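Naming follows writing order (A, B, C and D), and every chain is counted from residue 1.
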Amino acid sequence: MIVVMKPGASPQQLDHIVKLVREMGLKDHVIVGTERTVVAVIGDDRFKDKSRLESVEGVDKVVPILAPYKMASVEMKKERTSVKLGAAGAIGGMKVGVIAGPCSVEDRVKLLEVAHAVKEAGAIAIRGGAFKPRTSPYAFQGLAEEGLKYLAEAREKTGLAIVTEVMSIEQIPACVEYADVLQIGARNMQNFNLLSRVGETTKPVLLKRGMSATLEEFLLAAEYIMARGNTNVILCERGIRTFEDYVRNTLPLAIVPELHRRSHLPVVVDPSHGTGKSYLVADMCKAAVACGADGLIIEVHGDPEHAMTDGAQSLTPKQFSEMMKSIKRIAAAVDREA
Amino acid sequence: MIVVMKPGASPQQLDHIVKLVREMGLKDHVIVGTERTVVAVIGDDRFKDKSRLESVEGVDKVVPILAPYKMASVEMKKERTSVKLGAAGAIGGMKVGVIAGPCSVEDRVKLLEVAHAVKEAGAIAIRGGAFKPRTSPYAFQGLAEEGLKYLAEAREKTGLAIVTEVMSIEQIPACVEYADVLQIGARNMQNFNLLSRVGETTKPVLLKRGMSATLEEFLLAAEYIMARGNTNVILCERGIRTFEDYVRNTLPLAIVPELHRRSHLPVVVDPSHGTGKSYLVADMCKAAVACGADGLIIEVHGDPEHAMTDGAQSLTPKQFSEMMKSIKRIAAAVDREA
Amino acid sequence: MIVVMKPGASPQQLDHIVKLVREMGLKDHVIVGTERTVVAVIGDDRFKDKSRLESVEGVDKVVPILAPYKMASVEMKKERTSVKLGAAGAIGGMKVGVIAGPCSVEDRVKLLEVAHAVKEAGAIAIRGGAFKPRTSPYAFQGLAEEGLKYLAEAREKTGLAIVTEVMSIEQIPACVEYADVLQIGARNMQNFNLLSRVGETTKPVLLKRGMSATLEEFLLAAEYIMARGNTNVILCERGIRTFEDYVRNTLPLAIVPELHRRSHLPVVVDPSHGTGKSYLVADMCKAAVACGADGLIIEVHGDPEHAMTDGAQSLTPKQFSEMMKSIKRIAAAVDREA
Amino acid sequence: MIVVMKPGASPQQLDHIVKLVREMGLKDHVIVGTERTVVAVIGDDRFKDKSRLESVEGVDKVVPILAPYKMASVEMKKERTSVKLGAAGAIGGMKVGVIAGPCSVEDRVKLLEVAHAVKEAGAIAIRGGAFKPRTSPYAFQGLAEEGLKYLAEAREKTGLAIVTEVMSIEQIPACVEYADVLQIGARNMQNFNLLSRVGETTKPVLLKRGMSATLEEFLLAAEYIMARGNTNVILCERGIRTFEDYVRNTLPLAIVPELHRRSHLPVVVDPSHGTGKSYLVADMCKAAVACGADGLIIEVHGDPEHAMTDGAQSLTPKQFSEMMKSIKRIAAAVDREA
């Protein structure tokens, strides 16, 4: 880090900062500039709390230099990580892996129909919420374990892997029993206890970016999981909250190449939540694959008009199938498959 | 809600919408305008999923009319709610209630010192984290139950109530045992399982607004707690995430009168997180009281340079005491006390 | 529009709203719901000031139904607009039109070199600022008319059309004399006097979205130009300001299909400003073409290390040429050319 | 500035950076850390384009240290600036100066009535737009010079100073002739040609912050005016664009003390645009004065229901008078007057 002193900071104030830096086990390097004096701090300060130096008299600001994550970084691991989804395939490799299915598991028969349809169109995994995070306490909250059983049946019949959201520590055992991938939702990206616990399982984790998380916070959330031993983390961009009002969220696709630049973890895009509008999903799928996404996660429902959740952003099986054809062409144009 | 049809929507499309509305148990009222046809939907659609109508052919958009929360609303309860903090006082009344203390409980002796100092300056409760949500897995995570015991000792010696954060369901029993108020942090504002569980306790809950939560989502989070029977909810604004970079968060104080307009629940402001800079805290305290805040929650640390967390935004006991003097004057200017 | 009354609004308050609506030359339609009364207002209220009804006693809110733009809308003109760029080609058609060149015109020889390079790689127009909007008054402000002359020479030698920014009304005559397309920068998107004046010229206008403009404000800015008679408007997305900090701006590509859904005007994407990082530009070009952009505008500089402006986001001619090859493949995958 | 090299940057890359720094006329200071090498750049680089160094091979990022503004800074001028508003008073002193009046000048008689009312309640200046920036080309655009004449008559009869917006260079002479203060609107905060030209007049300038301008960009806009010789600049916060939807803009009051910390210029708050809701204005006025605002600018209209612009955010003269009483009490509580 660099500690920038205020113009006119006194020698005593400077000495005090030097003392505090040394107390932290770090080395100081004072540079007297023509306009300002700065203290370059040498050593691994990645995990020190820098914020406290900001309140010291004579200090103008503290500028971090090192990224605060380590295990998720490309410096730590040069080759890209590929995460296996059971026997169904992988995310992070030549092939763009597509995860598709209803927002929530509502009904056994409908789920099986959707599963067959997305499998045929080329998906490698089925998504579907058994436990649903709902903004309103009065809304449908999911079928719980019964939903997981339907998902397991769908896997058995189609070979698709299961991706399902775990919302709280108590749900981990059931989800581990039935699912191939545990999803951490955007609202739980900084539910640190939950992150630690899924980090203790051996199941791959699909981690959604919080809707106002910075890239650094996103990678630190992955780090929480990895620090407990589970390095099979898939990063998922699902849109951020901005002032834009023609979409439910703004989908910032530049994060795909930026995450690849900083991290070895695979990156998946969720254009369903990322736009909130079914008519925008296919175009955003194409854009995501074009800029290097390793996978997609997409809401598909046989009858969106009667979906219990997220009807507005669900594709029909037919729309999904057309979208899959179009991304196969895009994938080929960037030397990949889909 | 109002369903707005696209220009040129067909009579069949309109009929189909009418059919779907009736299926939902609601009444329709079709209005053919000069430019657009709209369907006004009559009945309590507050808890219906409107989103699915958006994906229907011929529909341009769906506009909600009713607010989706009920128990938190002024329509439900005219008189303002005052939440008692143990024997120490209340939030939501004539007196502006001030909660103060360190970001995290770090040390027994230091905690007692701060407790005495803030009590003397006029605080009614001590805050302090025993369980800490930290962005980095490598950072100090709190003293857990030991921290709660120190807080209890501070209460015993000073008469201050205890406000402490509960981060996960497992921590609820310990927090209920020791604390007077359970705090739900901004990162957990939509941790719906946690909200439901604290809603089953009898302890007052201080609910922090998520850093990108809309006002409606904030009140729905309160509704989650209230729907389980616990109506002693204190709303806390702690700043939102925007593009501004001279502060850690942007503190949008207009939410104070707006929450009072829509809800009977008391409103507290946290200028420590709301700015992230100790030198801005006192001015924002004054502003918050001037626009009607029922309380303040403020980080105070005896030695911010050595604070384990949030040193940059902590006041010293001396700064806190001066701030308290200034807000007493502001409170008097708006016919309240502090 | 729909005027939503407060619960408990009095009959007198409702009558008063009805009276105000009629005064505006519109028809009212009162709907008494089970929870709320609303007044549906019938007639073309597109250009009426609705805001004043919000302050009337008994009114909760006013919800607009009609989009406030007309000439830019698909309802007004079904076939898509193609804007000709001099003799060089067009934006809005089968072929994705690429505009490339330095941020600012700095030097005659360097400009000609870049012009030849981008022409060879497949660009149809050269961009380059003669008048530069600079955040700091102390920064390089452009070569003015001399810069325009260099651009004209580049056009003569390469056949590329010229796209250049006009920052103020006084600069219009010179820009009209030399350029093929007048660019309105993001900071001037709501400089209404400037919009009106370029609307009185016969030159095509490339209109950049303001960095915090809503989609509706963007289309209204186009409407300003079109209302004066100039319908050759190219819409350009160049990134919006959000909390994201790994990019200069967040590039929200879903606006490309959304603009196509609402407007007949062609849409161009600027990934140089849209990311601010040269290493992200090529991937965002691919994504933009994949989701339907009609064109791209890209900063290219022969020696970015010594660029007077925007070096961090400029491609070298070699990088540009590689990018062009990759987008030709993407264009083919979406049945277009580049 | 600090140039941070990538991990593993080569000695050649480091040498190259050193060479570029020296070419810029600055001195380099290389620090080899345990994790990274950084180059501290010594000398006044405030007005150099740092961005280009970011694109150099081996560079990770460039961190600016010096603020890019100078004349607006507290380092340049220790005593606070007080700007005189004709004979009517000043902004920036013991007394909080209140500017009030209609959004736009619509009618001579109504303007005079409002002028008398706000004068009596304690305002020192009247505001009113003669030239109106309107989002829609079809909306009322103002009375132009006729409006300025009405304002002049109001000044003559009441002694109030005139604050009016100048939207383009052509309007400067008329505004200079009639007004006491030239207002630059939020949409023109980065209309650099306009800033330069009002910087050449001798009239005080009230500069509104752009709706997504950073604090640094805001002060640089002031610097544009000051660099041309006009140092009578009043900074005005009028709300920023965020995801919040219960207000037209989010009013970030912490900028008031922060601007005072960095700049000697006086700071005014506009709660009318800052909230967009008349029912929130009075509380935000109190908050602004409590945290140190030097003035307020407020929309007042005799008949908001029939206002041609901004009815929803205008106070009636009666509401204004009550608000003035309340801020006098707040001002006294912070040792000022209003």
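One rule holds in what follows: a contact is a pair of C-beta atoms (placed from the backbone, for glycine too) under 8 Å apart; a residue touches a chain by one contact, two chains touch by 3 or more.
Just so it is clear, the structure is predicted and the values come from calculations on it, not from any experiment.
Novice: Touching subunit A and subunit D alike: which chains?
Specialist: Chains that touch both subunit A and subunit D, as defined above, are B, C.
Novice: Taking mean CA positions as centres, which chain lies farthest from subunit B?
Specialist: So the chain farthest away from subunit B turns out to be C.
Novice: Determine the centre-to-centre distance between subunit B and subunit C, using the mean Cα coordinates as centres, and give it in whole Å.
Specialist: 38
Novice: Using mean CA coordinates as chain centres, what's the gap between subunit A and subunit B in Å?
Specialist: Chain centroid spacing, subunit A to subunit B, equals 26 Å.
Novice: Provide the C-alpha centroid distance between subunit B and subunit D, rounded to the nearest whole angstrom.
Specialist: Measuring from centre to centre gives 31 Å for this pair.
Novice: Residues touching two or more other chains, restricted to subunit A: which are they?
Specialist: 46, 212, 241-243
Novice: Which of the residues in subunit B come into contact with subunit C in the complex?
Specialist: The touching residues are 2, 4, 7, 29, 31, 33-36, 38, 40, 42-44, 46, 63, 65-66, 75, 241-243.
Novice: Which residues of subunit B touch subunit A once you look at their complex with the stated criterion?
Specialist: Against subunit A, subunit B makes touches at 20, 46-47, 49, 51-56, 68-69, 133-140, 167-170, 187-188, 190-196, 211-212, 217, 220, 223-224, 227-228, 241, 277-278, 304-314.
Novice: Which residues of subunit B touch subunit D in the complex?
Specialist: By the definition above, subunit B touches subunit D via 212, 214-215, 240, 242-247, 250-258, 261, 274-275, 279-280, 283-284, 286-292, 326, 329-330, 332-334.
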